[in-house]
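Both complexes below contain subunit A, partnered by subunit B and then by subunit C.
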Partner chain A sequence: MKKIKYSMLTLLGLALVFASCGDQGKSSSNGALSSSAAEKVYVAPGEQDDYYAFLSGGYSGNLTVYGLPSGRMFKEIPVFSQFPTSGYGYSEETKPMLNTSFGFVPWDDSHHPDISQTSGELDGRWIFINGNNTPRIARISLTSFETEEIIEVPNSAGNHSSSFITENTEYVVAGTRFAVPVPQRDMSIKEYKGNFKGALSFISVNPEDGRMDLKFQLLMPGFNYDLSHPGRGKSHGWFFFTTYNTEEANSLLEVNASQNDKDFIAAINWKKIEEYVNNGGGTKMPANYAHNVYDEHTHTATSTMKKEVLTVDPTQVPGAVYFLPTPKSPHGCDVDPTGQYIVGNGKLSADLTVHSFDKMLAAIEGEKFDGEAYGIPILKFEDVLAGQVKSGGLGPLHTEFDDKGNAYTTFFISSEVVKWKVGTWEVIDRKPTYYSVGHLMIPGGNSRKPFGKYVVAMNKITKDRYLPTGPEMEHSAQLYDISGEKMELLYDFPTHGEPHYAAGCPAELLAPKSQKIYRLDENKHPYAALGTNDTRVERKGNEVHVYMSMIRSHFTPDNIEGVKVGDKVYFHITNHEQDFDVPHGFAMIGQNTSELLIMPGQTKTSVWEPKTPGVWPFYCTDFCSALHQEMQGYVRVSPANSNIELSWSLGD
Partner chain B sequence: MMKKASILMIIGPLFLLGLYMFPLWNIMLGAPQYPEPLGMNIHIDGIQGVSEFDIQNIDGLNHYIGMRHLPKPEDMWEFSTFPLVIGGMVALGVLIGLLGFFGKVSYKWFLGWFVLMSVLGVLGMYDFNAWMVDYGTNLDPNAIMKLTNPDGSPMSYKPPLFGHAKMLNFDVTSLPHTGGYLMFVGMMLTVVAFFVGKKASQAIN
Partner chain C sequence: MKIPFKSTILLLSLLMLSCGGKEEKKKEGFSVKQQKTTTEKAVETPAVSGDKASERVDLTTKGVGPIKSLTLDEAIDDAMAAKGKEVYDQMCLACHRIGKKFIGPAPNGVLERRTPEWVMNMILNPEQMVKEDPLAKELLIEFNGSPMANQGLTEEQARAVLEYFRTL
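Let's look at the complex of A and B:
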C-alpha cells in the first residue's frame, strides 16, 4: 500500500513537471519530444559514453575523438599536421613523421578513417587514415591514441579512395583520385587521355605490429578513383572502387567529366593479384617515397626513403579486374555486411545502383562482356544489377548499414538521410540534415557486424545551426537514433575541421586498454635522463645538449650558465612522473617553435637558438600541480666570445 | 578429543604463513583527483604499492608536506625481524601442537602460545603506530606546505591505525588485509584448540 502511495506521488510529480513544461512550451516547438531526445543523449557527470567516434579532420589534417551519444570531443590526435598543442611535428622526435619525397609537409587533408578488423569485425588495434593532398596513409595506435606510422604513396595524387582495409587487415588500400603521368614527367596536359594512369595501392599490414609496406600498385586506366570499400564475407578477396571522369577530361571537369551516362565501379580481385606478385609477377619501378615510423620506446620517429615500387599492369592478370557500369558519376562505394551487395551512389542522380556480387561472378563466368576499356572487360549493366533504390532524393553520396538489414544513404543536394531495405530496395524513412550531408557513420557500419544504435550525419554547411562566429564556422553533425523503424533526430553538435568519413566502435573495445602512462623503465630514448643523476649539460662544438628531467614541481637542472649566442641548444626533457594524467610542458621565451607537452615517462626534444645575451626564463606550460607556477628556470646566455664554462644546478 | 585439539593447534599457526604471501595491513588514499585511490600494502617484509607506481606517487605527493620517503625494507629493522618472528612462532605453535598430539604437553600450552602471539602482536601494532606518528609528524622544516591546526599547532599527517580519517584532500582508510585476517583466524583456532583440549581433559577427569 505504501508503495502505491509513493508511485502515485511520483506520477503527480511528473504531471507537475509536464505541466510546467507546457507553460514554457511556446518558445520550443516540440517540448515533450525533445525532452525524450535529451534523455537519450544525456550522459550524466561522471558517466561515460557508449561509443567512440573517430571523425576525420579534413583540412585540419588530424583525427578527432568523440563520444556518442553525447557528442563530446575528447581529443584531437595529430596525424598529418603540425600540432603546437603537443609539439607534434615541432619536436625533434616527431619532425620525421611529416617527411615526404617533397620534403617536410606540415599539413594534409585527412579523409577516411577505418578501424582494423579481424574476420570482418572491428578489433580495435589501430585506426588508419589517408592524407589526400600529399598522398599518405597513417596508422594510429588505439592503445596510445597516437600516430605511429605514415607511409607516402607514390604515383598517386589526391589520395581519396583510401584508407579502407580488408576484412582481416591484410591490406590498407589507397586509390588515386587524380590520374597522373606514371612515372611523373614533363608532358602536355592535353595528352592526358590514354597516357595518364590511376594507381591503386595495396599496402600490407603486419599483423604483429601493424607496420605498413607497399606491396603492389595496380596501374589502372587514367580515370578518377573516387571511393572504395572491401568485399567481406563471400566477397572477401575483392575490392571495389567507384570511378568518375571515365571521359578522361583534363579541364572543366564539372561539365566534361559528367557526359557519360555511366561510369564504372572497378572490381579488383586482389587475392588473384597478390598470388600473381607472390609468384614473381609485376614490374619493379624506381620510386621515391617516405616511410615514417614512430618507436614508442625511443619516443622517436625515423623517416626512410623507399626507392622502388612493384607495379602491376591489370591486363597482365586475366580475371583480376572488371568494370561494372554504374550511372551518373558514382561517389560512395559501399558493401553491405553480408558482402553480397555493392552500392554505387550516383551523385548526379536520384537513384542508387546496387550490384549483386553473385550476379557479377555469374556474368564473369559466362563471359558476358559489354566491350572493354583499355583491355579491361566491362560487364553488362543489366547482368550485374541487383536493384535500384528509387529514393526521391537528390545527390546520393554514401551508404552505411545497420545490423537489421537496413541501409542508410546520405543525399547531399536534398540534404537528408534515407533509410531503405537491403534486398527489397524500398524506402522506409527519411529525415532532413542540417545542411548538405556528406558522409554518415554507424559504428561498425562498414564491417560484417554493425552496431545499429546511432547514425552520425556529417554536414558540409552549417549556416544558422549555432551562434554565429563570423564567416568561418565549424561544421555541424547530427545524431539520429536508428534503433526503431523510424529514425529520430536526437542531437546536433559542431565538429572540428571538416569531417569527411568517420569510424566508430563500442567503448568497451578500447576503453579498458587505453594506455595511462609510458613506462620510464621502457624508455629507450638516447637522450633520456632516466634518473636525476643522469641530468647534465654537454657541449659538442656549438651544440649544447641539456639532459633535463621534470617532476612535480621542478626541472632538473633549472639554472644553466655557459650557453653562448650562436649555440644550438637541445633540451632533451624526460617526464619522471609515473602517474596517470600528469603531463608537464616546456616553453622557452622567444623560441622559434612550439611548446612541448611531455607525457609521464616520455622524452621530447626542443631546439632553441638564442640570439641575444641575457638571462632567459623557461617554464612548465601545463598546470601540473599546486606549485605549477614555481616550475620554472633560467638559462644565462653570454656573448659568442665569452669563456664562461657550462654549469648547471638545482636548488643551491 | 585431545588429538582433535592438537590438530587444530597444528593448523592454526600455519595460517600465519599467509603473511609471507599476503599483506598484513592496507592503507588507501583517495582524493578528488585520485578517483582510483593510491594505496599501500604493508607486508611483514616491506611496503608495496597497491598499483605498481603508487609508492612513488605517494612519495611525490608527500614531499609537498615534508614527509620522508616511505621506507624501503632495508630502512627498517622490523622488515627483516618480523618474518623471523612469524616463522619462529609458526614453528613453535606447530611443535606445541605435535607435542600435544603425542600427549607430551597439556592444552594449557595452546593458550600460552596464543598469549605470547597476542603480546607480540600488540607490540607490533605499537611499533607500527609509533612509526606512523614519527612519519606523520617529524616533517622537513623546509617543507613546501606548512599547515597548522586551528589552535596553531603543526598539522600531523599520521594515518589512522584502524579505520578512516580525512587528511587535507585525502580520505585515508586503514584496515587489515588478507594476511592480517588469516593471522586472526589462525590465532582464533588456537583458542578453540585450547577450549577443545580443556573439554577433553575435563571429560577424562
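Let's look at the complex of A and C:
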C-alpha cells in the first residue's frame, strides 16, 4: 500500500512540475495546480519575511509576532500575563504593570491588536491591545517590542469592542461587552433592563510619547458592545460599534439575546463629544483604576491609581449618537478604506449588511427616525442601507479589505472566506478554511491603505490539521494569496493561545528601527551598577541589596557572604554587554519566582528570601558563550543570629 | 570523568577555605600533580616570538577593522586619557583589570606589543578580529575561548581608551 501511495505521489509531483513549467511567466489564478504554493511561502535560510503579523494570544494574555508568508513565530510579547521566559510580571520592575483596582492580576484574555496610524495609514509607532477580562488597554512599543503602558478601564466589563484607534491615533477606543451597574453597586440582577449601562471609553494618546489618558466615557444603554472600528477619510470623526443583546436579557443569552430581528450599529460622532467635554461638558464621577507606565530609562514601571472619570450622557449631546438597525447580533463592525461603507457582520444572519456613511448623514439631516432607544434616535434601516452581500455562507464574523476595492469576510459556521466586491456586493470567490474561522487579517486591512497580498484566516478549531498532541492543541491559521482574482490557499500554520484578531504591516516599516540594545549610558535605573566599580552589597535592616553586573561570562560579585535567614535579598543585575543579542539570565536555587532574562544594557531586579542556612548557587540561564557553564556564583546564608559581616568578591 | 570530580573537590575545599566566621577545618586540596592547561597553537599561525600570543610582540600588524592608520603624538593627552579611563571603567573593567590577567589580558604596556591600530580594531571590531586576525584568534584560545565583547564604543571613545592605556 505504502509503495503505491508513494509512487502515486511521485507521479502527482511530476505532473505538478510539468504543469508549473508550462505556466511559467503567466500570472496564476487557478489555484495550486498552476503555481507552486511552496515557493510562495518559502523563505530561504538567511532571508527574511515580507510582513510582520501580530496575532493576539487570547487566553495566553499576550501578543505573538509572526512573519508572513513563512508563518514562523518570532516572539511572544508579554502583555497582560506573567511571563517566566523573561521575568515579566515577576521582576520588581515589571510587577507594577499588572496592578489593577482589584490588586495584582497576573493574567488576561487579550483580543484585538491595532497598529497606530497617521492620516489613516499604519505608522508603526505602537501597537495597542485590550485585556478583555479585567478591562485594560496596553500600548506596546514597536521599537523595543515591549509593553510600555497599561491603563485599566473603569465602569467596563468584558472589554471587547476594543482596542481600535482613530485615524491619527487621537484615541484608542474601549467598549464594554457586559453592561453593568454604573457605578457598581449591590442590586438585583433582574433589574438589569433599563438600569445597567454600557460604557464606551475614549482614551487619548499623546502624539509625542504615546501616553494614554482616559479622556471621557460615554454611558450608553445597557446593550452588549461587541466590536468597533473608526471612521476614516470622509467618516473620520465617527466611531462605529456593533451591539447585541439589545433585548437586555440577563440570563440564557444564547436564546434570549437572539430574539430581535435587528440589533444596532451605534454611530458615535466622537469629535462632537470631544468638543462638548472640551467646553466643560460631562460629569466627573469617582472611580478607581490603575495606570501603569514603564519608563524606558529607569527600566521600571510605576502604577498610579486614578480616582476620577469624566462621563458623558449621550442624550445630553444632540447629534452625537445614532443607532443603525443591523441584522442580526452583528459581530464585526468594519469600515472600508474610503470610509464610505460600514459593514455589519450579522453572525446569526446569512447576509452581510453594508451601511452607507453618506446615506446615514442624509438620514440624520432629514431627521428620518424610526423611534428612539433610551433617548438615542434610531435611523430607518432602508435609509442607511447601501447593500447586502448575499453570499450563501453562514455566520459572517469579520471583514477586511484589500487595495483593489474588494472585501474578504469570514464565515464561522460555513468555515470559509468569501471575497466580494465593495459597491456591487457581488461574490467573486470563496475558499474553505480549516476549521471554523473566527477573524482574518490583511496587513493594513483596517486602514486607508491595505497591502492586499495575503490574508491570514485564524481558525477556532484545529482537529486533524497537525500531528495530534492530546486533547489540547494550538489553533490553526491559513495563509491565502489574494493578489489574483481568485484566492489561493498557500499554507497552514499553528498559532499560540487563541488569536482573536491580528494586525500586520510591511517588514520595512519596523525592521530598520527595531531596537538592538539598551545603552548603558542611558540607563537611569536607580539600582544599576553601571561599571564594575559600582558593584557592591548593602544591608538596610533585613534587606540586602546586591548591585551586580554580568558580562560574558561572569557575575560581579560571584561570591557573597553575610546573608542571613530572614533577609530579603534584592539582586539588582545590570547586563554590561553592549552588543546585539547577548542577553544573560539569572536564577537562584529555590527562589519563589521566575528567572530573569536581562538584555544588553538593561537592569532587572529579582527578590530572594533564603530560608535555610547553607551555600546556595545561582547561575546564568541563557547560553551566552563557550564559558556559559562557568557563569555561576554562590551566596552563603548563615543563621539569623550569626554575626558574619557582609562581604563580596570576584576572582579573589 | 575524573577531572570534573576532582574540580568539585577543589571547589568545595576552596569554599571551605573562604569561610570567614565559622571557619571549618582547612582541608588540603588533592595532591595529584596536574599539568596546567597549555594553549594549543593554531596550526596556520606559527609563533613568531614568545610562547604565548599575549606575550608576543608584533608592532606591524594593524588588525582588521575601521582603523587603518594612526599616529600617536609624542605627548600624552591627559584630558583624553581621563575620558578614556571613565569609558574603560564602565565598559572594559569587568574583564580587563589593570596589572593582572583576568578574563582577558591586562592592558598595561599593550602598546609595547601591539600597534595602536590593532588595539583600536580589537575594541571596535572584535567579532571579525577573532575570526580573521591571526593574533586575535590565538588570544581567544589562550583566554579559554572567552570572546572579547563588542561594547559598542565610538571611535572617539576607543581612541580615548587607547590614550588611557599609554598612561598605565
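Here, the second predicted complex is superposed on the first by the 617 of 652 C-alpha atoms of A that agree within 3 Å, B and C clash if a C-alpha of one lies under 4 Å from a C-alpha of the other, contacts with A are read in each partner's own complex, and residues count from 1 in each chain.
The rule is short, and it goes like this: contacts are C-beta pairs under 8 Å (C-beta built on N, C-alpha and C of every residue); 3 or more make two chains touch, one makes a residue touch a chain.
These figures come from a predicted structure and were not determined experimentally.
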Does the superposition put A:638 against subunit B (first), subunit C (second), both, or neither? second
Using the superposition on chain A described above, determine whether A:511 touches subunit B (first), subunit C (second), both, or neither. neither
Under the stated touch criterion, which partner chain does A:305 make contact with: subunit B (first), subunit C (second), both, or neither? neither
Answer with first, second, both or neither: which of subunit B and subunit C does A:627 touch in the superposed model? both
For A:559, is the partner it touches subunit B (first), subunit C (second), both, or none of the two (neither)? second
By residue count, which of the two partners contacts subunit A more extensively, subunit B or subunit C? C
Intersection of subunit A residues contacting subunit B with those contacting subunit C? 517, 551-552, 577-579, 626-627
Quick one: which bits of subunit A touch subunit B in the complex? Just the residue numbers, please. 517, 551-552, 577-580, 626-627
Touching subunit C in the complex, subunit A uses residues 517, 519-521, 530-533, 549, 551-554, 556, 559, 561, 576-579, 582, 615, 625-627, 634, 636, 638, 642-645, 647, 651
The subunit B residues in contact with subunit A across the complex are 36, 52-53, 56-57, 60, 64, 144-145
The residues of subunit C that touch subunit A in their complex are 15, 18-22, 89-91, 93-95, 102-103, 144-147, 149-153
